[in-house]
Each structure stands twice: as C-alpha cells, then as structure tokens.
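The chains carry the letters A, B, C, D, E, F and G, assigned in the order they are written, with residues numbered from 1 in each.
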Amino acid sequence: MKIRPLGDRVVIKKIEAEETTKSGIVLPGSAKEKPQEAEIVAVGPGGVIDGKEIKMEVKVGDRVLFSKYAGNEVKIDGVEYTILRQDDILAIIE
Amino acid sequence: MKIRPLGDRVVIKKIEAEETTKSGIVLPGSAKEKPQEAEIVAVGPGGVIDGKEIKMEVKVGDRVLFSKYAGNEVKIDGVEYTILRQDDILAIIE
Amino acid sequence: MKIRPLGDRVVIKKIEAEETTKSGIVLPGSAKEKPQEAEIVAVGPGGVIDGKEIKMEVKVGDRVLFSKYAGNEVKIDGVEYTILRQDDILAIIE
Amino acid sequence: MKIRPLGDRVVIKKIEAEETTKSGIVLPGSAKEKPQEAEIVAVGPGGVIDGKEIKMEVKVGDRVLFSKYAGNEVKIDGVEYTILRQDDILAIIE
Amino acid sequence: MKIRPLGDRVVIKKIEAEETTKSGIVLPGSAKEKPQEAEIVAVGPGGVIDGKEIKMEVKVGDRVLFSKYAGNEVKIDGVEYTILRQDDILAIIE
Amino acid sequence: MKIRPLGDRVVIKKIEAEETTKSGIVLPGSAKEKPQEAEIVAVGPGGVIDGKEIKMEVKVGDRVLFSKYAGNEVKIDGVEYTILRQDDILAIIE
Amino acid sequence: MKIRPLGDRVVIKKIEAEETTKSGIVLPGSAKEKPQEAEIVAVGPGGVIDGKEIKMEVKVGDRVLFSKYAGNEVKIDGVEYTILRQDDILAIIE
C-alpha cells in the first residue's frame, strides 16, 4: 500500500528518541512545545494551496524536526505515520 | 437519488476499520486525531471558492484518508455518507 | 409578500424528515452535525460579496442539503423559512 | 436632527411584531437567531470599506429583515434606531 | 499641547448625555451596545493602513456617534479624550 | 549598547506620570485601557511587513501615546524600554 | 549535526541572564512578557512564506531580543536551541 499526500502535505515517520522525563511540574519559563525528529516518507505536489503558491522544500529521506502536536497520525500496514502540512516542518537536520 | 456536492466539496463513504480501542486514558504525547479511510463517491466542480481558484485533485473511486471530525454526515437511501471540503482530505491511498 | 435575499444569500424551506432519535449519549466518533434537506425558494443576485466574486450555483426549486445550524429562521405569512449564505448549502439532491 | 451613516452602514427603524414567546426551554434543533423586520431610514455612501468595494443595495424606505443582535442601537429625538452594516441585512421584503 | 493621531485614528471628545438608567436586569432582546455622541477634535492623515487605502471621511468639528467601548481614553491638560479608528465611528449627526 | 528594532517595530521609553488611582471598583462604562506617554528612542526600517508596505511615521524623539499593554518590555543597561509595533502608537503629542 | 531551518525560521541559542525574580504577585500594570536575549545560529532562506515575500533581516552571529514564549525548543548534541519565525525577533542588539 502506498500513501500519496494532497497539496502541501507530507507523510513522516517519527524517529523515537529516549525521553528523559523530568518531574511533572511545569514551569512557566519552559512551557514550550518540544519538536520531534522524523524522516520524510512522502511529499505532496505543492501548488496553489488556499490561494497561495506553495513550493515543496523537503524531499523523501530528509530528516526533519516537526512540531510534536501537529498533523494527523495514521497507521498503514501496521506502521505509524504522521500526515502534516510542510509548514509544520521546522527544520531539516543534516 | 443522486447527490451533487457544491464547490470544493466531496462526498465520501467511510470504510469501516477494526478499532482496537485501548484504555480510556489520553496521554498528551498521543492526543492526535486519527484520520479515517473512505472512498470518494462524488466530487464538486471546484472553481473559485471564497475568492480562490480550487482545482479538484481527487476523483470518484479514490480511496482516501480524511480528518475524522471534518464534514457533515448525511444518510441517503439508508446509506451514510460524509460531505466535506477537499482540503479535509489528507492523502490518497494507492 | 415576497422575500428577496441580498448578495449570496438564499431562502430555503425545510423538508421535514422522520427523526429516529437514538439515546441521548453522544459518542466522540459520531459527534458530527447532521445536514438537513430543504427546497430553495429564493436566490440572491450574488456578485461581489466581501470583495470576492460569488456566482450563484443553486436555483429556485433545487432540493438541497444544508448545514442544520446555519442561517436565520424567519416566518413569513405563517410559513417558516431559513435565510443562509450559498456557502452553507452542502449539495444538491437530484 | 439628521443622522448620516458612514461607509457601508445603514440606519434602520424596527417594525415591532407581536411576539408569541414559548416556554423558556431552548431546543438544540431550533437554537437559531430569529431575524427582525425594519425599515431603512438612512444609507451610507458605500465605497471602499476595509479595502473592498461595497455597493449599497438597499435604499431608504426598503422593508428589510435583519439579524436581531447585529448593530448598535441609538435614540435620536426620542426614537430608537439601529445602525448596522449592510451585510447584516438578510433580505428585502416586497 | 496638541495631539496628532496616527493613520486612520481620530481623537474625539464625548458629549455627556443624561443617562436614564433602567433596572439592572439585562434582557437578551436588548443586549446591544449603545453608541455615544462625541465631537471630533483631531483626525489622522489616513493613507495605507494595514495594506488598505483608508480615506478619512470625518473632519474636525463633526458631531458623531461612536461605539461606546471602542478606542483608548486619554487625558490631556485635564480634559478626557478618546482615540479610536475611523471605522469605530458609526455615523455623523447633522 | 544599542538596540535596533526589526521591521515596523519601535523602541520607546515610558514617561512616568503621576497616577491618581481611584478605588478598585471597575465600572463597565469606563472599562477602557488608558494609553501611556512615551518617547521614541529607536525606529525600525519599516518596509514590507507581513506582505504589506509599512511606512514609518514616527521618528526618534517623538513624544507619543501608546496602548499600555502593547509590546514587550526590555531592560538595557539598567533602563526599561518597550518594543512595540508602530500600529500600537496611537498619536504623537506636539 | 547541522540544523537548517525552513522558510522564515531561524535557530537561536539563548544567552542566560541573571534573573532577579521578585515576589510572585503579578500586578496588572506590568503584566507584560519580558523578551530574552539570544544569538542567531542558523537562518532560513526566506522567500514566499504563506503567500508573502519574506526577506531575512537577521544573520548568523546577530545578538537579538526575542519574545520569550515564541518558538519551539530543541536539543541538538546536548545543546538547547529555539526555532522561531523571524517575526518573533524583536530587535538586534549592537
């Protein structure tokens, strides 16, 4: 089975990192969302999305940081993926 | 009876999947909406929607993933359909 | 008395359907708004609405599905109508 | 004293209707705002409002339906008027 | 001391009106904001505000109705003024 | 140390005014934000900000009124400044 | 490992400042977000972001003030960085 994202969406596969969770108390000064690492597995065609020309800047195989709560999770052939918009990709790791 | 969606809307028919519901506790790290599988049964004409040119990229028969809470459910001749905007379609499954 | 909707608005008359209400418990998986059937009784001229060119795609006599909570209800000569924007019409039933 | 509305605003005078209030229980299926009847007493010049060209489509003397909670009430020479934007006028009654 | 408003802002001086306050119970049917009378004492230059060309349509000395909760109050040389955007002016009283 | 604001931002230094605070009861009729006086100490270059051409209309040394809760406070070399967008400047005092 | 931000994003490294925290009582008059100092370590290419041409105005090595709660924190090779949009940079310190 193959998944082809529409518009400016991409499909990514998370790279699990060791999580050294600290105590549960949330301090205001650090109440930021931590991005997560992933690999791009499919890239939409881009084009005119919501009236704006979107050029895709990531490609299959790129290792990226993405906003952890962005997108929709989907399980295909038993593997978990996330489908999100390219704009939710923060950076490429090289 | 036939249903003809307006503008950038599409009519889909859900493909029921086995749901292996886990315990009811929601963990922040996985609090994402799971998309659902469906088949496209009718596609609107697209055109200028809300001042923006929308080109329809899905066609009748496509198997798609869509955002589960998007759109409006409707029962026609005893069968349940969902009417949603093309932008709520995440990806085509091939 | 005649009612002439402004801009991209239409006047519709609901077609009452038998409602087989289930138990009152709302399940997250089906918490969607059900659209309702109606007949179009008056159509505004369209034109430039909020800076965007709107072409009217429905006509008097069309049987449509609309978003149940959209629009404003109005009683004219003892008959109830709903005035809503064309964009709240989901599909035409043929 | 005369009142001259700015931009796309109009001044209307409500036409009081008999209100047959039902019991206080609000049912979800009918929780819609009821529009009210009024007569147009002054019309702004229209023009470019918020960067968009607005053409005034109502004129003094028109009997209209408007969204009941829209606009600002104002009392001039002891008479109550409502000042609202043309877009809050739903339809003209003929 | 003189005050020169920026962009599409105007400076107004309220005209105090006798307020015949009714009982404190707020009825849904009349829960609208009452506009207030004022005199224009300074007018900004207009121009391109937030990417849109704004032409000033009020002038110093105009008696206007404005939305009571709009704008910022300021006391200059012991006199209270309100600085607001022209769009918060509802109408000119002649 | 020198601070150079980006885009349409300006750096201001508040001018402390005597505050004759009244009793703590907030009356709905006067629940408006009071602007504050300040002197402009640095002005950004303007230019295309968020897709819109912004021309800077204030200059270093201008005495201005600004919306009290706007912007970000910053302490440089022990002195407190506020960095805000030009649009949060209400008026120039001359 | 190298991190390459997408679009109008930049990667910054915070410069820790001594924090002389006062008592925990928050006074309305000073309830503003304090910006924080940082050094720019990577700059995205800019370009057309969300349909608007964004020119990058900061460069690697710039010492900047940024809005403390903006962006996403990320730890690379044991060092903490923040990824944010250029628009969350308030000013350059020289």
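The definition used in the following text is that a residue touches a chain if its C-beta (ideal position, glycine included) is under 8 Å from a C-beta of that chain, and two chains touch if they have at least 3 such contacts.
This structure is a prediction, so every number in the text was calculated from the model and none was measured.
Here the chain-to-chain distance from subunit D to subunit G, counted in touching steps, is 3. Measuring from the averaged C-alpha position of subunit D to that of subunit F gives a distance of 38 Å. Distance from the subunit A centre to the subunit E centre is 47 Å, each centre being the mean of its Cα atoms. With touch defined as above, residues shared between interfaces to two or more other chains in subunit G number as follows: 51. Read round the ring from subunit E, going to subunit F first, the chain order is E, F, G, A, B, C, D. Contacts from subunit G toward subunit A in the complex involve residues 1-7, 9, 11, 42, 44, 47-48, 50-51, 68-69, 71-74, 76, 82-83. Across the complex, subunit E is touched by residues 29-35, 51-53, 55, 57-58, 65, 67, 86-87, 89-94 of subunit F.
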